[in-house]
Structure formats: structure tokens, C-alpha cells
Amino acid sequence: MAFEPVVLFFLLGVIAGLAKSDLKIPTSIYDALSVYLLLAIGIAGGVKLAESELLPLILPGLAVLAVGCLIPLVCFPVLRFLGSFPRSDAASLAAHYGSVSVVTFSVAVAFLAQAGLDYEGHMVVFLVLLEIPALVIGILLARLGMAGKTRWGKTLGEIFFGKSIFLLIGGLVIGYAAGPDHIGPLEPLFFDLFKGLLAFFLLEMGLVAASKITDLRDYGKFLIGFAIAMPIFSATLGILLGWGLGMSLGGTLLLATLYASASYIAAPAAMRIAVPDANPVLSIGASLGVTFPFNIFVGVPLYFWMAETLYSMGG
Amino acid sequence: MAFEPVVLFFLLGVIAGLAKSDLKIPTSIYDALSVYLLLAIGIAGGVKLAESELLPLILPGLAVLAVGCLIPLVCFPVLRFLGSFPRSDAASLAAHYGSVSVVTFSVAVAFLAQAGLDYEGHMVVFLVLLEIPALVIGILLARLGMAGKTRWGKTLGEIFFGKSIFLLIGGLVIGYAAGPDHIGPLEPLFFDLFKGLLAFFLLEMGLVAASKITDLRDYGKFLIGFAIAMPIFSATLGILLGWGLGMSLGGTLLLATLYASASYIAAPAAMRIAVPDANPVLSIGASLGVTFPFNIFVGVPLYFWMAETLYSMGG
Amino acid sequence: MAFEPVVLFFLLGVIAGLAKSDLKIPTSIYDALSVYLLLAIGIAGGVKLAESELLPLILPGLAVLAVGCLIPLVCFPVLRFLGSFPRSDAASLAAHYGSVSVVTFSVAVAFLAQAGLDYEGHMVVFLVLLEIPALVIGILLARLGMAGKTRWGKTLGEIFFGKSIFLLIGGLVIGYAAGPDHIGPLEPLFFDLFKGLLAFFLLEMGLVAASKITDLRDYGKFLIGFAIAMPIFSATLGILLGWGLGMSLGGTLLLATLYASASYIAAPAAMRIAVPDANPVLSIGASLGVTFPFNIFVGVPLYFWMAETLYSMGG
Amino acid sequence: MESPQKYLLTIVSESILEDRMIEEVRALGATGYTVSDARGWGKHGKRRGKWRQDSNVRIEVVGSQELCETICARFKEEYQADFGLLLLMTPVLLKN
Amino acid sequence: MESPQKYLLTIVSESILEDRMIEEVRALGATGYTVSDARGWGKHGKRRGKWRQDSNVRIEVVGSQELCETICARFKEEYQADFGLLLLMTPVLLKN
Amino acid sequence: MESPQKYLLTIVSESILEDRMIEEVRALGATGYTVSDARGWGKHGKRRGKWRQDSNVRIEVVGSQELCETICARFKEEYQADFGLLLLMTPVLLKN
């Protein structure tokens, strides 16, 4: 199986964080790198998209979206009734796990590059599509039993013009407009440096994750179990769907990873505004402190192995 | 005509700004990128310069400088008497439009690269030469009718050791000293990444420009008209001069762009200190909110078309 | 002799600092670049190490370490008795000059690349080994005549999990784990951009050094003399040892540079906590304001010339 | 302008609320405000200042006692339950 | 050093004035100052803290009433007309 | 919570002491603290805020007079001799 040194940087960050090293990556660098990653992922997808036809994507897109809406609807009752979480916490966690993580996606892309496998350019379109609906569902779930107005205008603005959606779509459009012919001069920054800068970003994420793990300790084992079991369940859905839709092995891995990943940029921002009584320590702790490392170290190779097995049987 | 995807990043930034997206590029990244761009432009010019003779540049340099001094002297009466601006505002705007914008220049350089055209290395020397005199003229114009002392010492220090002049000259000297033989190890950062980092910088400039456009709205149509007509006038001077001096088509485009561009780094800093009663919202609003986007979207291709027409007629 | 344009950036920074230019490189960029340099040096060493055997390094490593411990023990009496410095200042300076500077090492690496010479991969291991003992010796020297407890726990934590040691070791391990086979995707960032980013870093260091030189002026000529003579003495030890151990010319230059260099990241942080009554202006002023520029402009070429002469005689 | 007693109201809260709070401060009639970044710890746990959702802002408003009290009351009601919040008032001399 | 009543003078103004103001503060006899970055809005419009010409600094000086008043008077005269400026004085207990 | 008189203790010191001071502040019983970055100049020389060893932090603690006095006494004894240090206390109205 392909060994991807990039994840070691995350580990390095976690160790530094737990050992209380004075290693710090300034917030501004973190912010700039996240802008970079979102743009780079968008541009790469856009360039690929410029070479493929868009019409045949509508039906598969709807199927991908439907499963994406299913996931938070599965999460919620599990957390609410099995985990006995308060309604707003269950809803917020459902939104986090229904939405997606761009960095987890990036690690899977790096994994595919290492393995020498290609993937469909429109995966990035799916990434964009999957970020939003779970957030809306999460807010609705939180509101169901409650009086009081939701600031929908604010909230939807926060979601649609939130930087992750905005930069992904912006990158997609620029990559599509430039196409393979004009993207050349942007390649050294947005393509060649991608892995190196992802490594740098993961180092910082490790530092942050270390503090989140510590925060989470107080919240018991159920949540930690959920943060590991849920991604495996979601990834399984993704593998079956990708295979059913006749996607390439690489594309299926990315779809599984998208479903398995939990948001820690778009969702926390949206939930803090729309469901303020949910405890952010729970959701960020679970998504960033448990699910993210699980996915990049164990999940991605595991989903790959599962998909490969299915494809070799199916083929 | 060559399509340059880099300007799309500016558009993306403007949209994010107008839509009040939470997209923010930290000040420190912006500052670092501007240091980078100034150095990179300087180094590229210096390396080119190392291959050319310097003596034959003196006379053309003087001509370029003379026209550069003419521009603020045209701006001032137009603004003061046609636009009825107060003396200090007219003087400050004249300084901004007489001076030059390194990023506009960079976009034109990127445009030439896309079109596969070369340009004279000493264009960067002209860039340096043109930044300063208009600032001095602007200050003199502001002072003419006024009592009170100008802090010339401070002001000239601010201008000459201001980071834009300083880094451009520093880059020129380093590029010249290294020459094509020793510049190799610096190429990946300063040459290969140039366009990508320029794109990133333009994204941030779009965010800032969006807020400046909003600020400007209150100041009426005359200024907006000026901010579009003046660059076309100045560019025309540049095209005629470049053609008259026998410069290459690429070099002429750059000269036209230099004249057409308005400063928004060196000039605001100098004017705020030397002409503090001028309203900075006016000058930054016009130069960054109107002239800069006009130049990169419409101006550069227009000036190129004008120059090409002249050269094909003249040739 | 090889001309290395990278050091010109340091000069540019010093001039900007002394001329009170408004050029500033944000702290966050400085911090990120220092993380980058430490990782890049570590990774490069790790990749080289993956191709060599580790066992034969133990004995030479001990010799290198022994001489490394000798240097602060020579510095201390010189400063205490010849220079009449208070005990804690002498001890702190001894720690700074016994420890090493990663950026000076990087400049020597760049120098070797320019000269087309290779070096042993385990030099980076020596770099790591040499950072620590001098700090411990410095603290012991300061404590000898003194009552009161040293916060050894805190101090050693600060040293071992201090970011310089931590990132160097982390980089070494990642580079070693990835090896030449898997490092490819990280090369554009960590190898190709190394010199360019080092140049950027040196620009910032020049700015800082300028202010330190000014601070130092008040502390007399003895310290300035020490800051020049001591590195030459230490480098001589390094050249003799490298030659005695049968190292390559490149490796010997690096060893000499390590001994000659004075720490200004790890040592100041450790000494400020462990020997708080030492005046940090003295030690940072000497190491950053005098020894660092001396080493990169004069020292590295000088040590190279010394080593070359010895090798041509000895060979 | 050395007018009746002015107060400096200092609000420390979560960065994510910056834009919203500023809007409200202006709507309630403040003639100005000053914002700076901070990090901290309180009843709602440690905010490390390393992460947008995790960092604090300090918002300062100089105004009449009445204005400051109004803002305090509003913010306390609106944010106290769900967000990190510190509200301080100090009498100051406004010198311009 | 728990000496006569000290005051904390807080100056919020444009970043571009930082060096100049610090020089003047020292020339007027202050024994120290503290500077931090800020953004804000007032009579001279919104300063977003995203741009050198556009951001604010907060300069704080602890000193005698006389010193603080002198600085206030000087800065008010020199900068009030053309620059964003806020001047506040607060009595404080200096504990070291 | 508009309880007995509260004080705002402002500590300006070297960045390198941030973690240590915060630990002590908590150990001495503070219920919260706020930290922000600063630069400055005082008896121990100019700190430019451009370098870890060279920059300042401002640590603020709101608490009872007793708590603030205890922290002041402790920090003065422990840090005054070797580190840049400024300690200020201001009476404030805690509004939440």
C-alpha cells in the first residue's frame, strides 16, 4: 500500500502540542494556508472539469447529494437517543459529520497521487455540493423542538459566502476558465507546492488537534466511539455508491473519504451562529481530535482497501 | 488576445468583499507578498540588466522621466479647476496618478509572458525612476499656496527608504550582481512562483478594493471619470514615447502601463505625512477602487491593442 | 571562490534597518520561515541519512560532541577573567557560542551547493547534537557560585521540546522515513525553494541584526573582538577534527561552521528562563549583531579556504 | 469637549461575534469603537487565539454612562448564555 | 514606588503615526510606553486594520497627571485636525 | 453579579513569560484572564514586538482587590529584578 509521508507532519504537530513545545505556527500562516488549499483544490478540479462533459454529471450528482443528506439524518438519532446528547449538541454534531473536510480530501488526493491513480475532476464539484446540505439539516434538526427565530438570512450568507465554499467555487471557476492551456504559469504554486504546503498545514492541524483531544477527554467514550464508527459507516455508503455509479477506483476512494470526513471549518462557524447553545468543544473535539486523525492514518488506507476488494470482486 | 487568468483572482476578491464573505487574508501575508513582489520584480530586472549596456539608457531615461513629471502637472489643474477639488486633494491625487503601481506593472509583465513577448530589462529601472518625482511634485503643488513648514527631511526619507523604492533598488542590485550565472537557486522562488503569488496578492487586493469602492461612492462621478480617463491619456503618452524611442512592443506596453497606473503603496504613505489635510479616502478610492481594476481588466489589453496598431502602421 | 547572492539579502536588511526604512517583515512570516528552515534542513539530512549506515557514526559523533563541550568551557574563563563580565553574563555568552546557528549552517550548505561540493548527511545529526550540551554547560557555569534552585525540569523541557531541536529531529525522522523514494512530492517546497526562502529569511534577520548592532554599541570593544575571534578559534578546531576524522571537504566546512556559529534562537530562549539575570542584549547583540554577519560574509569563505589549504597539503 | 463623565466599556468576547457586535454597538448610538485581538480563559474555557473559532476580540467603546449601560444590558441578555463574554466599565477622562 | 496618583493615557490613532508619536512621547519625558495594534471606527471613518494606511495603533503611557495632560494637549493640537485620534486618561494604581 | 468593587490588573511583561505567568495567575485563584500582544519600552529597554524574545504581552485579570494585590506582590518579587514588568490596577465595574 502507498506510504504517504505527509501524514507524519500531523503526528509531529500532535506530539509538539502534547509535549507543550513552544512550536507555534502563527494564525495568519494557518489562515493563508487554508485559503491556499481551498483554491488549489478548486483550481485542480476546475482544470480537470474543463476536459470533461458536464451534462452526464447531473444524475450521479443528485445521488451523491441524497446520500450526503442521509448521513446527518442517521447521525442525529444515534447521538440523541443512544448517546443521550441534548438536542442542539446532537444536531450540531450531525451537521459536522454530514458536511466534509477539505484537508481530509486533500490527504486522499495525495494518497492517490502516491498510488499513481487518477480520479474524476468533478469530485471537487461533489465536495462543494456536500459541504452545505448537512449544515442546513443540522440547523433544522436543532430548531425542530424549539421556539425562537433562526437567523436564516445571516446563517445562509455565512454558509454560502463562507470562505470554504466561496474559495472552492472560485477556484473551480478559475481553473475551468483557464483550462489546461492557460494554467501553466499557476502550476508551480498551485500544483507543485501542493503536497509540501499540505504538510505544513497538517503540522499546524496537529498542534490544534492536540489541544482538542485534551478538551475532549472529559466527554466520555461514547463520543469517541461515534467519531470512529460513523466515518466507517459513511465511507461504506460512499464505496457502494461510487461502485454503483461506475466511478473509477480513485473517484470512489475520494467519495468514501468525503462521506467519512467531518467538517471543522465551515460547520463550526455556521453552528456557532445558528445553534449557539451547542457546545463547540464537543463537535470540534470529535471531528478534529478524533475523526480527522483516524481518517488520515487509518481511514483512507482502509477505505482504499475496501474499495479495491469490492472492485476486484466486481471486476 | 492573450487571456490572463491571474486577473480573475482580483475579481474573486472583489466579489468576496462585496458579498461580505468571511474570507480574509491576514495583513502579515499581504505585507510579505508585497515584499516578495517588489523583490521579484527588482531581481528580474537586475538579471536582465546584467546582460545589457547601461550607458545608452541615459537619454531615454531622461525622456521617460520628463513625461513622468508632466503627468501630475496635467492632473492637478484638471482636478483643481474642472473638478473643483481643494488644493491639497488635487495635489495628492496628482501625486498618486503621477507615480506608479508595481502590481499593475506585474500584471502587464504576466500579460506579456502569456503573449510570448519579451521586454527591455531596464523597464524596471524606469519603474523605480517614475515612482518618486510625482510625489515630490504633488507635495510642492500642495505647499504652493500655503504657509507652514514641510517636513522635507522626514518626507524624503519616507520616500527613498520607503519599502517600495528600497526593495526595487535592492532587488535590482542583487539581480545585477548575481547575473544569469548565479541566479539559478533563487529562480524557483522569485521566478517560477511569481504568477501564482501575484494571483494570491490580487485576491487580497480585490478584498481591499471592494471596501474602497464602497467608500468612494459618496464622492461623485467626476472622480470616477477622472480615474478612467486619466490612465488612457497617460498610456497614450507612453505609447507614443516608447514608439518614438524605438522600444520593443513589450517595452512600450510596460511604459504605457507605468504611466497609466496610479500608486497605492508609496503615494498614500508619503501623502499622509506630507499633505495630511488631503483626504486619503479620495486618492486610495480612486487609485485602488477604480483605476487599478480598470487597468488590469481593460487598460492593459487596450494599451496593447493601441501599441500593436501603431507598431503595425509604423512598421 | 563561489559567490553566494543569498548573503546580499542580509545586507539589504541591515541597510533597511539602519536607514530606518519602513520595511518590515511581519513576525508571523519570520516564525513560519524559521519553522520551514528547521524542517527543510532536517528533512534534507534525513533523506541523506537514509542512504548511509548509522553505526560507524557513533565514534565520530562522540568526538564532535566532546569538542562541542570544550568550546563553552573555553569561552567562559575568557569572558569572565579577560573580559571581566559578571558570572551569569559570561555563562550565558558561553552557552550562545557553544551552541549552533541553523541559519549560518544553511548559508554554508548554500555555499557548498554553489561550489558544487557534497557533504555527509549526518552533518544534520551533528547539528542536533551540538545544540544542546553547551546550553546545559552554560546553565551549570552560571549556577556554580550561586544559591537558589535551577528549574531544571522546565529548562530541559524548554530545550528538548524547544522548536529548533524538535523540528530538526522531526524533519530528520520524516526525511529518513520517506527516504529518496517517497520524498519526491515534498521536494518542490522543501528542496527547490530552500535558497529563495533562506534569502527572504536573511532579509528579515538583517533587519533584526541592525537593531542589535545599535544596542551593542554601548558594551565596548572587548565583546566585539570576542565575537570575531572566538568563531575563528572554534572553526579551526572544527577543521582539524573534520580532517582528523577523514570527513569530506564539504563536511569539514560544515563542522567548522557549526562550531564557529553562535545560537540566537535556542540559546536566548533557554538562558532567559534558566539564567534570567544575564543581560540578553549582550548575548543576542554579540551573536546576531556581530558573529552571524561575520560568519556569513567572512567566516564561511575563510574556513573554506583554511580547510582547502589543509586538505591540499594533507592530500 | 471635556464634557460630562465618560465611560470606557470593554467587551471581551468570541471573535466570531465581532461583526455582529460592532453593528449593534453602532445601532445603539456609539460614535466610535476600537477592536483588538486577544486570547484568554474564563468560565467558558480556554480560547487560545490560534483559530478563528477559538480566539477572542476586545471591543472598546467610549461613551456616556447611559450608552454603556444599554450596550451591557443588551449584550448580557443576548450573548451571556451561549458565548464567552466579559463586560467592564471604567470611568475615564476623554481629552479630545 | 506607590507614589502620587498616576494616570494611564491611552492614545488610539493611525498606525502611520506610531514612530512619530513614540518619539514625541519620549521627548516629552515619559519613562515608558506600550504599543499594540487595533482597528476601529470614529469620526474619521472605518479603519479596518487590514492595510498599513488603514489600521490603528493604541499607545499607552503611564505617568504623572502633568505628563499625560502635556501629551494630550500637544497631540490634540498637532493631529486632531487631520488624523484619527482618541485620547483617554484614567487614574490608575502603579504597583511597581 | 454587580458585587463588591472589582479591579482590573494589567500586567505588561516579556512574551517568554506568558505561559508561566498564566499558570501562576490561575494558581492564585483568578477566574479568568485575557492576553494580547504588545511592544514597548521601559526601564529594561525597547522591545520591538518583532521577535519572540523581544516582544511583550499584556495579561489582564479582573478580580477582587485582594487577588490583584496578591498577584502584584508575587510578580513584583519574582520578576521585577530580571524582566521587563509593568503592574497597574484600576477599579472597574464588572457588568456580567
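To keep things simple, chains are lettered A, B, C, D, E and F as they appear, and every chain counts its residues starting from 1.
Heads up, the rule we're going with is that contacts are C-beta pairs under 8 Å (C-beta built on N, C-alpha and C of every residue); 3 or more make two chains touch, one makes a residue touch a chain.
Bear in mind the structure is a predicted one, so any value in this text is a computation, not a measurement.
Participant: With a step meaning a move to a chain it touches, how many steps does the shortest path from subunit C to subunit F take?
Facilitator: Counted as steps through touching chains, the separation is 1.
Participant: Applying the touch definition from the top, give me the chains sitting in contact with each of subunit B and subunit D.
Facilitator: A, E
Participant: Using C-alpha centres only, name the chain that sits farthest from subunit D.
Facilitator: C
Participant: Farthest chain from subunit B, going by mean C-alpha coordinates, please.
Facilitator: F
Participant: Can you compute the centre-to-centre distance for subunit B and subunit C, using the mean CA position of each chain? Integer Å is fine.
Facilitator: Their C-alpha centroids are separated by 41 Å.
Participant: With centres defined as the mean C-alpha position, give me the subunit A-subunit E separation in Å.
Facilitator: 46
Participant: Where does subunit D touch two or more other chains at once, residue-wise?
Facilitator: Residues 36-37, 49, 90 of subunit D touch two or more partner chains.
Participant: Which subunit A residues touch at least two other chains?
Facilitator: Residues 24, 26-29, 31, 188, 193, 269.
Participant: In their complex, what parts of subunit C are in touch with subunit A?
Facilitator: Answer in residue numbers: 26-29, 31-32, 35-36, 39, 157-158, 161-163, 166-167, 170, 173-174, 177-178, 182-183, 185-190, 193, 269.
Participant: Help me check something: in the complex, which residues belonging to subunit E touch subunit B?
Facilitator: 14, 16, 45, 48-53, 55, 81-83
Participant: Mind pulling up the subunit D residues that touch subunit F in the complex?
Facilitator: Its residues touching subunit F are 12, 36-43, 49, 56, 58, 69, 72, 76, 80, 85-90.
Participant: For a test of understanding, state which residues of subunit C touch subunit F in their complex under the given definition.
Facilitator: So the residues of subunit C touching subunit F come out as 24, 27, 30-31, 207-208, 211, 215, 268-269, 272-273, 276-277, 280-281, 284.
Participant: What does subunit B use to touch subunit A in their complex?
Facilitator: Residue list for subunit B touching subunit A: 3-6, 8-9, 12, 15-16, 19-29, 110, 113-114, 188, 192-193, 195-197, 199-200, 203.
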